[in-house]
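I've put the structures underneath this note.
Both complexes below contain chain A, partnered by chain B and then by chain C.
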Partner chain A sequence: MATANAWVGQSIKRKEDRRLLVGDGQYLPDIVLPRMVVMGFVRSMYAHAKITSIETTQAAALPGVRAVLTGADVKHLGSVLSDMSTPNLPGETNRPIFWPLSIDEVKYVGDPLAVVVARDKYTLEDAIELVDVEYEPLDIVIDPEHALQADAPRLYPDWGDNVLYHQHIPAGDADAAFAQADLVIKERFRCHRTGGQPMETRGCLATYNPGEGLTLWLTTQRPHIKRHLLAEYLNLPHSQVRVIMPKDMGGAFGTKAPLYREELMACHLAMKLRRPVKWIENRQESLMNVGQGRDQIHELELAVKKDGTILGLRDRILADCGDARTAIYVGFAMPFLGAMYLINGYDIPNVDIDLTCVVTNKACLTPSRAFGSFAGRFALDRAVEMAARALEIDPVEIRLKNAIKTFPHVSAVGVHVDSGDFPGSFAKACAALDYDNFRQEQSEAWQNGRYLGVGFSMGVEISGVPSEVLVPMERQPGFGVATVQFDAHGKVQVAEGDSPHGQGHETTIAQVVAGELGLSPEDIYVTYGDTHSGPFAAGTIGSRGASYTLSAAVLAARALRPKMANIAAHLLHIEAGEDNFVFRDGYAILTRDESQRVPIAKIAEVALLSPTELPPGMEAGLEHTSHFEAETAGMHSCNVHAAQVEVSPDTGEYKILRYVAVDDAGQPINPMVVRGQIHGGVAMGIGNACMEEFIYDENGQQLTTTLLDYHIPSSLDLPHIETIEHNVPSPHTPLGSKGKGEGTPGMVPAAVANAIEDALQPLGVKITDLPLTPERIWKLIQAAQSKE
Partner chain B sequence: MYPKAIENYFAPTDVAEVLTLLNQYGEQAKLLAGGQSLMPLMKLRLAEPQTIIDLNQVAALDDIREEDGRLHIGALARHSEVATHPIILQSYALLADAARNIGDPQIRNRGTIAGSLVHADPSADYPPAVMALDGQLVVAKADGSTRTVLVDDFLAGPLMSDIGEDELVTRIEIPAPVAQSGGAYAKHSQVAGDFAIISVAAQITRDPSGVCQQASIVVGGVMPKPCRAEQAASLLQGKAIDATLLTQAGEAAAEEVETEDDVRASADYRRQLIRVTVPEVVRQASARAEE
Partner chain C sequence: MKRSIGITINGEVYEETVDQRLLLVDFIREVAGLTGTHVGCSVEGRCGACTVVLNGKAVKACLLLAVQADGASVLTIEGLAKDDALHPIQDGFWEKHGLQCGFCTPGLLMTLYEFLQNPKHSDEEIRTAMSGVICRCTGYVHIVEAVKHAIAAVEALSPEERKEWFPV
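== the complex of A and B ==
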């Protein structure tokens, strides 16, 4: 029955916000168990060294210390990575062998080599200071190009080299494309190390008893996946492992998707000590260990015809994956997906992409919003801009010429894009910026010594990842799942398998289920995060909320309607099937005679409290679980962003005067929630592209381990972000909705860089490297002027 | 990120009591004012005091008033008070500029002027501002004596200042500017509320014809402490301030102030920021002098 969903498209206030705003949120640190102890790590001070001795007696003797363990004590647990926790990708993979604590050798500054358990955090830190480690420094490799050299120090001597993963992705005939080109753009682009830094750091609380097994409260994006990996690693039956994401979590942005060594350590210690063991990462540890993403070099070539048609692309990508010691992603799943998404919203038929992922003496790359594609999207959208400039074609025109035009579209490398409308999105971006008149304004500004510029970026963002991609990449399913379950009072519980932490599921899922069932969002409560009470799913990753999970909730709600209609008909003593009823305003209403109606609460009551009133033979209860898998190998949202900047040529400082984001949410469920996702994504993109950088010195010491040095923007550093909807409903979801937010930061670096370069055209500046710090821009200006 | 245990915590209510405690606990004690520098150091275990003497209950240590031709700012005056105080906005605008530029509202509500000067971060906002105003610190000792020290001498180097274990800064004093004076302060930082890459403070006195009679220019964000741009200031002296002169002053300051590389910026870029910022700040100071 295709009734319109009354709550779809309404910007109701988020159900989550009240508790968060008044301080009633329930975060991991709020969970306290009797006899709980706290855990902390002794971490390497060297980027690469042999551990010659670890002296723990003093620490162990400190009153209040419950345990001190070193690598040798956990060797029997075995190596962390199994087949199940390593990406299963085509290409050549080397797998590092490692333990929750490093044994004999440390490979980056921050590498955990011993663990301390104490009664409180003060004692814990006293004890950590008392563990005396002696090192014998080894040669280090910090630069990814150095890592490739034959004489480079090796991180894993059992490998032939430092190459973690290599894949060649050819499609079409790149050589022929380049032979026909009128213009070849060849450039080396460098994207620095940056990523996500959630307000709440990582943490967990593990408790164990032999009867029920292990319970782990964990700041995670994917409790179910962690559960089965933990069961495997700890050699426990699956029935004895329960993972719970606390009700609230202060952000993740990808960083809480991998399985980490620290989590395994907490579980092991809870089992060994028979005490609840809590770990809360401090900010320095967080900056040393997680959120380090991007970090790629692209040697990119574009074959272009005079009219701007892009015939082909070659790219040699080198990704610096750090030490590669986290499970599930192992540092290279991100660059892999980034390579697959390199051509993105462009229709480029001939490509030759070569991806090499190396290990270095830095922290392992972890996922960050926009996953592996931040660097590649910067590189390609910059190269397209350079082509436009060389051919004197307008940057919008060259993009429209090469953007995907017909949908569904399968990219040269096999990415399926279901729906979108680039011309429509560009039209809205240009109208918002008054682009037609901008060039005039710009040349007048130049005459007055002011440097104004506009830059565009375009591309597709993942709207969930289908099983077809997720199973091979991460050995997990892509379906969305939800159980919609009436309670005896006519309220509805929706249990989902993901673990939202800022995405607004409690609101948007309530809206769609309310709409499908003729109820109000207040009647719906969404639960998540506990592997023992919610259905199995991959977790909150890759913008799968509004695409997959929410669609499962819609299907499950719809599946209840025949039974609801049958009960209603029975209570009205009439013969009528599902199609004879509409569900509206809390009632099942007979369409042919609207005075004939039954409160939905009554139907639920009959189904659960007084089943004696059910139609004869009908099973009690009113609930359904649906697994939603889209009938396509990929759903995407197609977007155009534009920035307008003014640059000061004296200092390289620039101001983003306008930031216009034209985004495609398919069918927004709650437009305000969508806007929030875009605001956050753009803010993160600006931080990553312009201000933030994890810096390592030549000794591999990280210089950015406090927020005084790793510069996350605040509202004062951000422009007003103008969001404009340009929605093309997905043909593959029941409501046409698309996921939104994960890929958004990837739109930013090219838009801002293109705008800065555009503004500085009279000075002839060429931007190839991130981050876009004022000093970098100033140096480019200096270099361009000294050439003149 | 958890400090080492402290053994004693005192919250005295008057200056005499503070001084007695300082005398008693001396080197193992730390005074706690706003805590915005001390607490981070303790959490990083870069400071491990055994005794904390909390100044926040001490009466009358935070008043701001003009007396005998001088501005008195109590040691405990918070950045937010300095940023908004009517007398300061009226006659010592550059100090308000500096205070407004510090950190974020929470930090400005807690942090104090004496704490900032004692902490002596070369990239902090107050040191160059107080130097440009020829400020001095009044320091009290347990024996009842006090001494007065010029801020230039008080700031000894990076995180080093001229304060004894048994001493308390009670106030900052700034000579009231003569008529037709004005000042300004600006900083360049990587994100809002961050420490300066470069900051510039300037105080200018003009005569009615617009000729600069007196100028002082101080550059912050350089090692080992903020630096007076003497050449630049003397260029201005006795001349009418115009665009050419401003450019020359910027060049002179960039020439005379030594800069260094660090994570935030290179020495060259700092020099360029000095070159560009000195003229801007002097222009604003001069405009304020005219008002």
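== the complex of A and C ==
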């Protein structure tokens, strides 16, 4: 029977923290096996070059070195990409052919071309130094617009051009909308290359024996998906591949979702050498290879009426996908979804979006938190701001005028948005900032030579991705799945198929299952990560936790209640149906006479330890697996963020004085955990928008391969981030919960850029490019002043 | 080139013959098997996840050789709690959700262990104290709250209790 879930909405301390706080976490680098050897890569020093020779004899002769392989040694494995590991999207797609190691030609700085295996990492580093590679440099293409030119060097000559993917997304009648417009904003927006970079780099440990097959411990967000792709690539029966994400993982943010060449190499070597092979990526390799996201140019046009109504949008998007050599996403799944989510929280009926994804001599784009929608969100929310300024309409008013008003809503391009409340969210953001009085304060500040500004952004963030979207996009299901299983002592194991790594599933899933079964979160333990002990699922991606996975756990727990009631009734010697019991405080309690109760632990004991006491004919055991698929093509969280800044016109430096995030978690399960997700998302957004950038020079050399150069914000770089709840329960999840975490960084660049531009209104600065470094702002100020 | 050294970690003496180039962090993780100390940035000294307390000072263990710590006393995250009782800084992190993935946590705890012996109270001072350790998950908001929680707990300790929780 439906009872309120007593643990929902409670900010209890996280269950996972006890082990992490005392050093008892188990991360991939902590796992050691007997006879283990370590693997490392020789990587290209050139952005594009022919490999004329690889001299490995010296390295191979070094004591302690167990193997040195080059591309020629892995060619027989075949090309990495298959139909199963390539997005299956509408539009024209080219597919690169490549191997775990590059053969004959390298295509970016950091491209793996040889692998060394040694007894320890110090010997390994020595041996890598001893591999001598001769290159013949080739012409390079670093700029995506250059990549489109007829005379540009080709990464994949058989394609005929450098276009990886092209898709035209028209809806309504954009031409008619522009014909009716009073104002057209036409601007070119550039979002730089930036993204995830978790604190734990990638790593894996592979071991093989012919009896059981391959076991791969892997830093991954998607163990089950990796398993079936590995089985396919390595030509092993699915039954002989086991993938395990260790109990703990030091963040991922999308970067641990693709299938990478390095992990294929580790598996191959484990099979070849019959020894456990471990690989721990160093930070330099990480910065050369993963976490590089965003990187788009938007030629965006908005057709606007005098009253601020947006009639239509055109956008020509050019995405720089790098070399496109990772499986599952292949560099273009992110810009595709970004294009589909471009109009986002705005109700724009007529659109014409043209997306071109090109390859360049850079590392392949990897998914990064906000998956594809960071650049477009910046472009559109900036363009809307420009329209507001041109029409002298308040930035909040123009957004409210064009925001989705009624739910459910289907966007012009077909994105289903189930629930939200933009007016309510804006009201809370404005109240927090005392926006009504801000304009007065701002003009007084200007008179005193101080430049204060406020900027807003709004967003529709994915709350999980349904099968309807995920199957065509990645050939994977979107359902959430969980097995809820009583043990013989009345404790409950919940096995999920995703692989959480900081999101707090062990706590939030325990809370909801405890609430559904009348237990305490202490009684629930959540397991995950091992493909041989959890149900098949898509993985921890796209804010699926609180939307899909947790909902599956709720449904599975509810499904156990009739059997629990039947056992309880039998033990009490009463004829009763399931509805006659409530589950509370560890007891099954008869509703008509609450003195009649059975400890839930006793029910579990009967079901498992003493099945002779079960009702006649009842099957032993007390467990259920549920697959949750929402009855909608899209669940979302609708949010409003606002930044208040002060800019120094002399230096371009600015300080974010306030950052207010008004977020919709539906029904938060653990509000403290939700706040943590939002803080982290905003922090990554500020880092990405304001200070982080992967920089390639004109030779394709990556200049940001240490954390000193690629500046992830420290505690001194970030403001206090204020979070305000404005929750609209999801109509499609059993508890009304929504996923949080993925989309948040996408809110940030426009909010901050709008605030900076607002502050500098007297100087007439126009911001179109990221990152928002003081240098860039200073140059814009200089340019604006020289124009005057 | 090998050398025999002795390092005391969390009160236990490790006498080993090691390569001179062995990093202190590898001594801690691989020789002593104390994997609570993490490596996030491969000898750049930027991420701070490997921070330990050496002779009372928070240091980045990837920037020191094990031989440099010969004769030293090192405290790692494993040495903070006393049996089941958590150190005030651990307790603060737990109460205020100061960690998500937990990877940077050892570095922050050991950095703040030193800070808490002579804590300063403003948000700016707390943020300055922890700025040598990068956290990618939390945006630092809850960590600041965690530190404040810990400061209050430490200030309520008696001198004897304080000595017990801050032995080095």
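Quick note on the criterion: the second predicted complex is superposed on the first by the 788 of 788 C-alpha atoms of A that agree within 3 Å, B and C clash if a C-alpha of one lies under 4 Å from a C-alpha of the other, contacts with A are read in each partner's own complex, and residues count from 1 in each chain.
The rule we apply is simple: a contact is a pair of C-beta atoms (placed from the backbone, for glycine too) under 8 Å apart; a residue touches a chain by one contact, two chains touch by 3 or more.
Given the structure is predicted, the values throughout are model-derived calculations rather than measurements.
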First, second, both or neither for A:691, with chain B first and chain C second: first
Larger contact residue set on chain A - chain B or chain C: C
Which superposed partner A:284 touches (first chain B, second chain C, both, neither): both
Touched partner set for A:198, first chain B, second chain C, both or neither: second
Partner chain in contact with A:89 - chain B first, chain C second, else both or neither: neither
Which of chain B and chain C A:129 touches, first, second, both or neither: first
First, second, both or neither for A:251, with chain B first and chain C second: second
Touching partner for A:703 - first (chain B), second (chain C), both, neither: first
Which superposed partner A:712 touches (first chain B, second chain C, both, neither): both
First (chain B), second (chain C), both or neither touched by A:650: first
Touching both chain B and chain C, residues of chain A: 122, 282-284, 708, 712-714, 716
Of chain A, residues touching chain B in the complex: 121-122, 124-126, 129, 282-284, 650-651, 653, 691, 695, 703-704, 708-709, 711-714, 716-717, 773, 775, 778-779
Chain A-touching residues of chain C, taken from the complex the two chains share: 19, 21-22, 29, 34-42, 44, 46-47, 49, 76-78, 80-81, 86, 90, 93-95, 97, 99-106, 109, 123, 126-128, 130-132, 134-144
Contact footprint of chain C on chain A as seen in their complex: 11, 13-14, 16-18, 20-27, 29-30, 122, 197-201, 248-251, 253, 282-284, 501-504, 672-673, 675-676, 679-684, 706-708, 712-716, 718, 720-721
Contacting residues of chain B [partner chain A, same complex]: 1-5, 45, 104, 188, 190-195, 263, 265-266, 269, 272-273, 276
